[in-house]
Amino acid sequence: MQKVLNVGMVGYKFMGKAHSHAYAVVPKFFQPAAVPVMKAICGLYPQEAEAAAKTFGWEGYETDWRRLVERKDIDLIDISTPTDSHRDIAVAAAENGKHIFCEKPMAINLAEAKEMLQAATKAGVQHLIGFNYRRVPAIALAKKLIDEGRLGRIFHWRAVYLQDWIVNPDFPRVWRLEKAVAGSGSLGDLGAHIADLALFLVGDIASVSAVAETFIKERPLPTAATGLTAAGGKEKGKVDVDDAVIFMAKFKNGALGSFEVTRFATGRKNYNCFEINGSKGTIAFNLERLNELQFLSQEDDADSRGFRNIMVTEPTHPYVAAWWPPGHVLGWEASHINEVADLCDAIGRNVLPSPSFADGVKNQAVLEAAARSMESGKWEEVPR
Amino acid sequence: MQKVLNVGMVGYKFMGKAHSHAYAVVPKFFQPAAVPVMKAICGLYPQEAEAAAKTFGWEGYETDWRRLVERKDIDLIDISTPTDSHRDIAVAAAENGKHIFCEKPMAINLAEAKEMLQAATKAGVQHLIGFNYRRVPAIALAKKLIDEGRLGRIFHWRAVYLQDWIVNPDFPRVWRLEKAVAGSGSLGDLGAHIADLALFLVGDIASVSAVAETFIKERPLPTAATGLTAAGGKEKGKVDVDDAVIFMAKFKNGALGSFEVTRFATGRKNYNCFEINGSKGTIAFNLERLNELQFLSQEDDADSRGFRNIMVTEPTHPYVAAWWPPGHVLGWEASHINEVADLCDAIGRNVLPSPSFADGVKNQAVLEAAARSMESGKWEEVPR
Amino acid sequence: MQKVLNVGMVGYKFMGKAHSHAYAVVPKFFQPAAVPVMKAICGLYPQEAEAAAKTFGWEGYETDWRRLVERKDIDLIDISTPTDSHRDIAVAAAENGKHIFCEKPMAINLAEAKEMLQAATKAGVQHLIGFNYRRVPAIALAKKLIDEGRLGRIFHWRAVYLQDWIVNPDFPRVWRLEKAVAGSGSLGDLGAHIADLALFLVGDIASVSAVAETFIKERPLPTAATGLTAAGGKEKGKVDVDDAVIFMAKFKNGALGSFEVTRFATGRKNYNCFEINGSKGTIAFNLERLNELQFLSQEDDADSRGFRNIMVTEPTHPYVAAWWPPGHVLGWEASHINEVADLCDAIGRNVLPSPSFADGVKNQAVLEAAARSMESGKWEEVPR
Amino acid sequence: MQKVLNVGMVGYKFMGKAHSHAYAVVPKFFQPAAVPVMKAICGLYPQEAEAAAKTFGWEGYETDWRRLVERKDIDLIDISTPTDSHRDIAVAAAENGKHIFCEKPMAINLAEAKEMLQAATKAGVQHLIGFNYRRVPAIALAKKLIDEGRLGRIFHWRAVYLQDWIVNPDFPRVWRLEKAVAGSGSLGDLGAHIADLALFLVGDIASVSAVAETFIKERPLPTAATGLTAAGGKEKGKVDVDDAVIFMAKFKNGALGSFEVTRFATGRKNYNCFEINGSKGTIAFNLERLNELQFLSQEDDADSRGFRNIMVTEPTHPYVAAWWPPGHVLGWEASHINEVADLCDAIGRNVLPSPSFADGVKNQAVLEAAARSMESGKWEEVPR
């Protein structure tokens, strides 16, 4: 008899759509140890929640997340809401004995992230933090190559995550540009992703030095509620989060790191790129070409050495056997589907998935040190 | 009240998986005029058919396609089987008043393709031939740019479709390498796709001159039944289809065309690339980077003219608004999902989808002329 | 004592500039067995010839090539004139015991090319035909990899050479568009280059099938004499050479070849690209990125196999040790400089350089077969 | 009558070769207001100096730079020696009324650079600092586009200069790894170049924060004297310069800058890349593909906007008209040749070339601030 995992999800915007899609697709492509069942989606407004349930294929809906986390027929709580609500939902979910899948960034600050970890640990539930890019096959392959020692000693990590959606000064002051709701700007949104990849692929970070800028300090307040297409009115509001952040890092293993995130890189849409230089080779990746991994091996013959453009679409590559034949490329959403497949499998087998809340806390500690450094203008230790 | 489109599908291998996925996803991302309902899948062997129905989410299954096409509760027959069965299924479906979605290549030869068109036309049903690449957003954008006149007069079409899955001489003589079942080798499999794109983007073809080669003329007969992972035994069988075909074409509008397809391009996995040169600009595309379209406009300033790499992931681009935010790339399967969305919409609105069986017949006529030219060593007119 | 090679060159336009530059640079970067000395340049008009001599650094000039080839103080005659004069100059040079360096295409037709080879052979002089691209380091490396067996059995040759300099119908009918002077259009100009690379890298061609098109059949006659900037007047003249040619080929070793050349590929400037697929690997090259060679080796591990982008700028690569440190890229002119270095070295060591007139004759035979096929619409054997 | 510029050059290694080549080639491709004449090259050892003079085409040689700068028949002193000698030679040259062309980095520290500027200014001679990359046509085009306002307000500068020539721990401790001679490691060598490009393209830098690392702290002392092929012995010596430096910068105009240089990026040979994001567009460049410039214009139609890959080989592009037809790419050395052409022209017209020693001083000030920040761990103002 196949195990079943009953899911309740809070949130129905961008991440809500991506996760809903993932729960629906997983059973058709993967055989996880527990099969997800889409029990209920939760949103504030009954009409919208009902519509989302219908569109995405959830059995029902709730309008109060507190009711959802108390439902006996739910095993996993999926938190796909704005950052400032993560802590409360996660702690309540843990207290009700639910497994937890929480979107990134983990929390509004390090203290709250630690509370979440503590609550989940105490409750003995499983937990995953939503750094989906670890499940891009090319990045999973990068991890494998590094673990096999094919890069040797690592000298450099170099990453950027560039977008351009607020270059226009008429773009309104949506909630993502408000510190009280979002915690930070590009740092938590984009920086959290590349910090996670650095922690995943290179290792722990000892200290950072950061600089931030807010290029446009005031914007029209939104008249319509939300989304990238939100329109602005005549009244203006202050932007109190960072538009862009650069930070340098010293890894505990001696490597140097450079990171840059911005929402002001005209023409760059979702340009999440990194490069890792080691004594035996180099790896490079670009999310806008996510089916490809660049790999240079110093062990190749001198006359025919060069960056290999690996099409990560072979059955021998991570996750790919579940999908299509070679050369039939995957889309961005596959990272979420692979993630949910692993999550369901881990819960079904009763083991802790990765990255867990402990990884989320580590990530939050890096962001916290960066935020501190933006203020102090000095190097800041990453707190434990 | 939303219209419903009840679907019965024959076949459950590669295309069966892609189509099943598409029927399931369409209602979550699109609002077609008729919503597909996955009624029944059909396969020869009851156990496999039942398993496929369960995995992919079909309500039931059949083991005889004749039964399926006669079922009163089915509106659309999806033909995802090997080529030699297309004609019989399509004609029977038409005679039972079902709409038809048939995979490419349309038929084993031109005569059968014409029969299919005739039957469907006579029955007054809607029909679509499965040239899914027309629905890759970048290719739909290419079509739009051409229709707007942004390439001017077209001089050249240049296309290759390169794969490498049978370079190894130990790869067995599967049914795709048998003329009686497959009709042809790379010509019908890969050539049909790029011939369709040429007809779609440039226009009708007047005549062709072709050459074919079978590099490995004998292979081990398969011991296990199917798939790319099929193993071969000691006994050998003849390969009587083409491994590779090159053909040159004269379009009716005066443009020159070059086409090449092969299963012997080591390292090329699904390398479907084309370039179109016009008096005002050039377009280039590569299926392995299907979210990008190269476009050079002669109307740009001389000092800053260059091939633009358009990330076809903006809401203004065809199909993209239904998907993710800018820069969040789509995978190969999106071409099938977009296709099924359009198909359901056309049937719901009672209009003929495109490409219809008439386009399939045109395509088959080009393949037929190419096949004739391989034999004659001369230019052959494309028959009407 | 270092040997000296006294050079006399006929022609002072595009190739004259490239060759003059090469003779001047060679002694500074290479140590050929004979050092070139720039004795005299020859052109019809005294003023232009004198100016060219001064600019390019020739000791003197002549206005009659017959005088030049008779001069006792000249060892090597460099023929950088339009095609229709090659035969006469070469035969006269041979009869006067001069070594010969002749630009491509070799001659106006196969018969004249054979005469040239015969004359040079009879005279016992050394001869080189100017297929400079063999000396692009990346192409020399491709040759080495093939000779070492790293591609295995070769299945496919696929090449294009695309330009766009006559897309504009107002571009005048210069001599290159006149059959009597140029012999052919894109075929001899661009097709000769890629035919040479095919012969060099893959081997002899048995037969070809070709199609040609002249998209613009009449153009303004030039008012000023020459060059890409030539202006046209009101009177029009017929264009009787091909604007574009496609041809398919059967190699003697069983490989299939496809070739396409055009002057109507808007946006493509000097786009000379080829790909070779073998049983063990694939090579790809693009002249617009001439410091790079793409190489896929089927012998790489399955999980990390991919096209290697080899930066051909290492001291272990052909010709590179004479130039700059790794990563300091070379320009197009380096192909001519490397060529002249090898030519001077071969003559100094009294051996036949490669490609010799015998290779030029083979090349001309392929062009001749293609020209015949354009007329007949059939496959034509490459004559011996 | 054409003006003549008599040149004396100190140094005959890598830069000596590049500059010698440039002086020889300039008169053949350009018409500068003064034509360079290669009078004398200067090196410590008579045999090597004589050989260099002969190979590179200098009329004579000297073994004492003091004698060279005093020669009456010399107009321009070219300083192509290690950094620690720049100040003395430049000051002496100025005192003798010679124009000066000095390689980068300008000096061992800011104080010496200022002395050089002062001496040259006082003497009223012309001076150029050797930031040759400003004369790569693609970078000159980038400057033009920025000056025309096509990027709008600039938000971001992002640059890396990556090499890998000392990854191997057996590579010896050559003089470039010795602080007393080289001043610094990657900072002065590579950082000086990208700092210059930032100053050129974006503007003045207010402050910087830097971090440096020396990954391999001890290396074999060289047994043979010099060069990349230097061998090391058993004795070891300390490496007291930086292997890698990252620095962040605040520009005076409000833009943010990130810079990274290293000699430990395995597989990167001469990877000098930058990207500039402005409110109206973005520019990106890679020295290993130096004939190309990436440009995205926000003013393009939304549906066909994308990074344009401009082949900077058109006659309308900076410097290109002097060279070859479109698509015939230039090599790295062209940056030096274009530089020398401009230098000779400026001196011939009696105007100050650019970048002058004043730019060199600005550059040195940025490096000095970075070096200070490496020590302090804090942001440091760029001194005036």
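In order of appearance the chains are A, B, C and D, and numbering begins at 1 in each one.
Note that in this section contacts are C-beta pairs under 8 Å (C-beta built on N, C-alpha and C of every residue); 3 or more make two chains touch, one makes a residue touch a chain.
This is a predicted model, so every value here is computed, not measured.
Visitor: Moving only between chains that touch, what is the shortest number of steps from chain A to chain C?
Guide: 1
Visitor: What is the chain whose Cα centroid lies farthest from the Cα centroid of chain D?
Guide: It is B.
Visitor: State, to the nearest whole Å, the distance from the C-alpha centre of chain B to the C-alpha centre of chain C.
Guide: Distance between chain centres, rounded to whole Å: 41 Å.
Visitor: Report, in whole Å, the distance between the mean C-alpha point of chain B and the mean C-alpha point of chain D.
Guide: Using C-alpha averages as centres, the distance is 54 Å.
Visitor: Where the centres are mean C-alpha positions, what is the separation of chain A from chain B, in Å?
Guide: One centre to the other, that is 36 Å.
Visitor: Could you check chain B for residues that touch two or more other chains and list them?
Guide: Chain B, residues with two or more chain partners: 268, 305-307, 311.
Visitor: Per the contact definition, I'd like the list of chain C residues that touch chain A in the complex.
Guide: Touch residues, chain C against chain A: 141, 144-145, 150, 292-293, 295, 297, 300, 302-311, 314, 316-317.
Visitor: Quick check: in the complex, which residue numbers of chain B touch chain A?
Guide: It comes out as residues 14, 18, 20-21, 24-25, 27-28, 55-57, 163, 165, 228, 268-271, 287-291, 311, 313, 324-334.
Visitor: Would you tell me which residues of chain C are touching chain B in their complex?
Guide: Those in contact with chain B are residues 155-156, 158, 160, 162, 164, 167, 209, 211, 213, 215, 244, 246, 248, 250, 254, 256, 258, 260, 262, 264-268, 275, 277-282, 296, 298, 305-307, 377-379.
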